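Notes follow the structure.
A, B and C label the chains in the order they appear, each numbered from 1.
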Amino acid sequence: MLNNPRQRISESLITALIRLAGYSSILFVGLILIFLAREGFPALNDMPLVDLFGSRWYPIDKYFGVLPLITGSILVTVGAILIAIPFGVGTAVFLSEFAPLWLKNLLKPIIEILAGLPSVVLGFLGIQIVAPFFRRFLDLPTGLTAFTGAVLLALISIPTIVSIAEDALNTVPPSYRQGALALGATGWQTVWGVTVPAARSGLLTAVMLGIGRSIGETMAVMMVTGNAPILPTGLNALFLPARTMTATIASEMGEVATGSPHYHVLFFIGIILFVISLIVNVAASSFTLRSRKRAERLLS
Amino acid sequence: MDSVEYTRKTRRTEFFGINLLRLVTLITVLPVIGVIVFIMVRGAPAVSWEFLSQMPRDGMRAGGIFPAIIGTFYLTLGTAIFSVPLGVAAGIYIAEYAPDNRLTRLIRIAIINLAGIPSVVYGLFGLGLFVLFLRLGTSIFAASLTLSIMTLPVIISTTEEALRAVPNAFRVVSTSLGGTRWQTTWRITLPQAMPGVITGIILGLERAAGETAPILFTGAAFFLPRLPGSPLDATMALPYHIFVISTSVPGMPLQIQYGTVLVLLFFVLGMNLIATLIRNRARARRQW
Amino acid sequence: MDNKIIVEDLTLVYSDGVESLTRITINVVANAVNVFFGPAGGGKSSLLRAFNRLNDLADVRHLSGRVLFNGHNIFDPETDVIELRRKIGMVFSRPVPLPLTIWENVAYGLLLAGEKRKPVLNDAVEKALRLAALWDEVHDRLHDPATAISGGQQQRLCLARVLALEPEVILLDEPTSALDPVSTAKIELSLVQLREQYTIVLVPHNVQQAARVADHAAFFLQGRLVEHGAGKQLFVSPGVKETEDYVTGRFG
């Protein structure tokens, strides 16, 4: 009836395998870093740093300045976040503080569906519907602009923001709300004076993860922001075509010769994206322990 | 301002405020419904049994999209094969085995990091490691491996969460009856966490099925005359197919585009629905 | 009169400082009901969990002293902890039926040990359920989920679960605190019967229960052993003032 040696050996083996699996994430992050660096750092040899961070991206004539791509990403992302924050946080506040239970149970799955929509589907509708709409409505030469991209990106990051923000608001102890109400505050005043400030760090996490999601988005932006890697000049650049870092990699990698300077620079842009996402996501996760767990699931 | 006027003012603010939030929520939710309805209406006419089962003709402008469908199926299967065992095991490690030390914190940071890496960067990584360095070429194998690593964080996180939700009392009891950590996990904790684990797996695979960027340079192709014969062949896939036909094929019938999008949407939302059903059924049948 | 477990100068401190033990020296008498009683936080549960090394599951900051079971120090690194836990079983304060059938619950310990033979398992299950005075009530629904029976029955199921492993010592940590008086009485009766074959260590729900069943009693206060004695001595004529205060209800 006692444990035989064979049982003990298989237990040790299984434990070892599980431990290996646990360490594997570190291995993969390391691998990604290594291979991005392997193919991307040669770009620093291929051209002087000044040229690499120059303001002209025109590979055909050997101009590999990544600045317009970085600013393109920033432009689209900032636009997206400016749209996504009011709608995302507003929806989260409504769902967590004011919506009746039946409505909440109806709307949450719908928002989760939005999270699951492939970005290529949203990009497709962007081309078919959103871009022509903006072209007519805003009287632009083309509907494929940074703004269109920002709108789509906002749609994509809103579910992330709503989920995490709503979690954060739910975590605020009921006693906070009850205390405020007992002092004579209205529901509205309680929400904005007490609950939202109390959930401050969770809301910040939500926004940062939304930013992370936006910066990393590829297909939807690629399909609707036009194809113009130019440095933005002035605010109306939002309504002109632009190019993000992600779209550049996706659209040009297919036609590039392995080992060429163009190839190396595209990997270099990948390194930039990796570092940005590292900073944003690790910073966001260090805010709240619980938000982090849901974030890992929802970031993806 | 006396107290009556103050009350009236705050009531008015409250009224406008709540209705503003209602409007905001409506605007947020409407696009989802709009997207689904729109695609269904415009795409349904194109979808028929022939559309789903036949090969494309006339440079993709006519015929069916069978190779793209089967390609997405292969890629999803390939992703599952690599990411599920590894992801679940890693989730078990973090939830049941990992001590509270710096190494575990490092593992957690690594998972957060993996979760946030842009999908196109995964594509670059896949290209560098699997396609070129390991000489797998543009293949289902390379693309599946790439998608697997991308899917890992989702599976690990949901597995960990599902395991943590199982009451600790069970573990204590099992240990007090002479159970080792693995026995307790295998006989009690993991079975109880299964619905959550499966939900996470389905949601992870759902995302992998819909992704384009990671497969762009690792396995996806457009003009393939034959179906893939082995994992070392390239394949067509629905997301990539949609991308090309909607941006680069002149004279592409609109209805076929919508039809293809509808098929992908069906696939993805179908998985979402299954995951939700599993989650709800499990919650009802729980013995704790 | 044999001593089943000998505690020598045991000091145990958890990282969170809760329920620690300071220099405990006491003997657990074989084939008797040994009662550890005292106010909450006194260390009684910690001591019980030390006996079957369940304290391994928690974060221990300091451990010194020895606990001898059958002559061996259980804290010795060479000790087979799994085997120890089979010989020293535990019933907890809230019934925790595993999410399995009644039969699977009782057979669980044996299944863990690698026993696969159905006749052996069936015999063990019946024997354990009879010892726990539960067989008559559940013998016709052994394959129902364990959650389908009442709280009192579930606790007796937990007792049967331990008995199926044929332990030498049974630890019970406030086993009747979640139960009604009828179920409590049934369990107390079982304990008195079981001491013929097993050594019982009980942390009682209250002083009255301690006085009802104790063959030996020990009074714990804030991690220290204040006094101990045979029979009902501690309850009738306690030696130390603190014991007397607690027993007479001046604090609790």
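As a convention for this text, contacts are C-beta pairs under 8 Å (C-beta built on N, C-alpha and C of every residue); 3 or more make two chains touch, one makes a residue touch a chain.
Note that the structure is predicted; figures quoted are calculated from it, not measured.
Pairwise, the chains sharing the most contacting C-beta pairs are A-B.
Taking the mean of each chain's C-alpha atoms, the chain closest to the overall C-alpha centroid is B. Each chain gets a centre from the mean of its Cα atoms; the one farthest from the centre of chain A is C.
As a whole-number value, the distance joining the C-alpha centres of chain A and chain B reads 15 Å. With centres taken as mean Cα positions, chain C sits 48 Å from chain B. Chain A and chain C have Cα centroids separated by 54 Å.
Touching of two or more other chains is recorded for residues 82-83, 113 of chain C.
Counting partners per residue, chain B has 180, 183 as the residues that reach two or more other chains. Listing the residues of chain A that touch chain B in their complex gives 11, 14-15, 17-19, 21-26, 28-29, 31-32, 35-36, 38-39, 86-88, 90-91, 93-95, 98-99, 107, 109-114, 116-125, 127-129, 155, 158, 162, 186-189, 209, 212, 215-219, 223, 246, 249-250, 253-254, 258, 266-267, 270, 273-274, 277-278, 280-282, 285, 292-293, 295-297, 299-300. Residues 52, 54, 57, 82-83, 85-86, 89-90, 92, 94, 96, 98-99, 108-109, 111-113, 145, 147, 158, 161-162, 165 of chain C are the ones that touch chain B when the two sit in their complex. Those residues of chain B whose C-beta lies close enough to touch chain A in the complex are 10-11, 13-14, 17-18, 20-22, 24-25, 27-29, 31-33, 35-36, 38-39, 86, 89-90, 92-94, 97-98, 106-125, 127-129, 132-133, 149-154, 156-158, 160-161, 180-183, 200, 203-204, 206-207, 209-213, 216-217, 239-240, 242-243, 246-247, 254, 257, 261, 264-265, 268-269, 272, 276.
Against chain C, in their complex, chain B makes its touches with residues 169-180, 183, 187-188, 191-192, 287-288.
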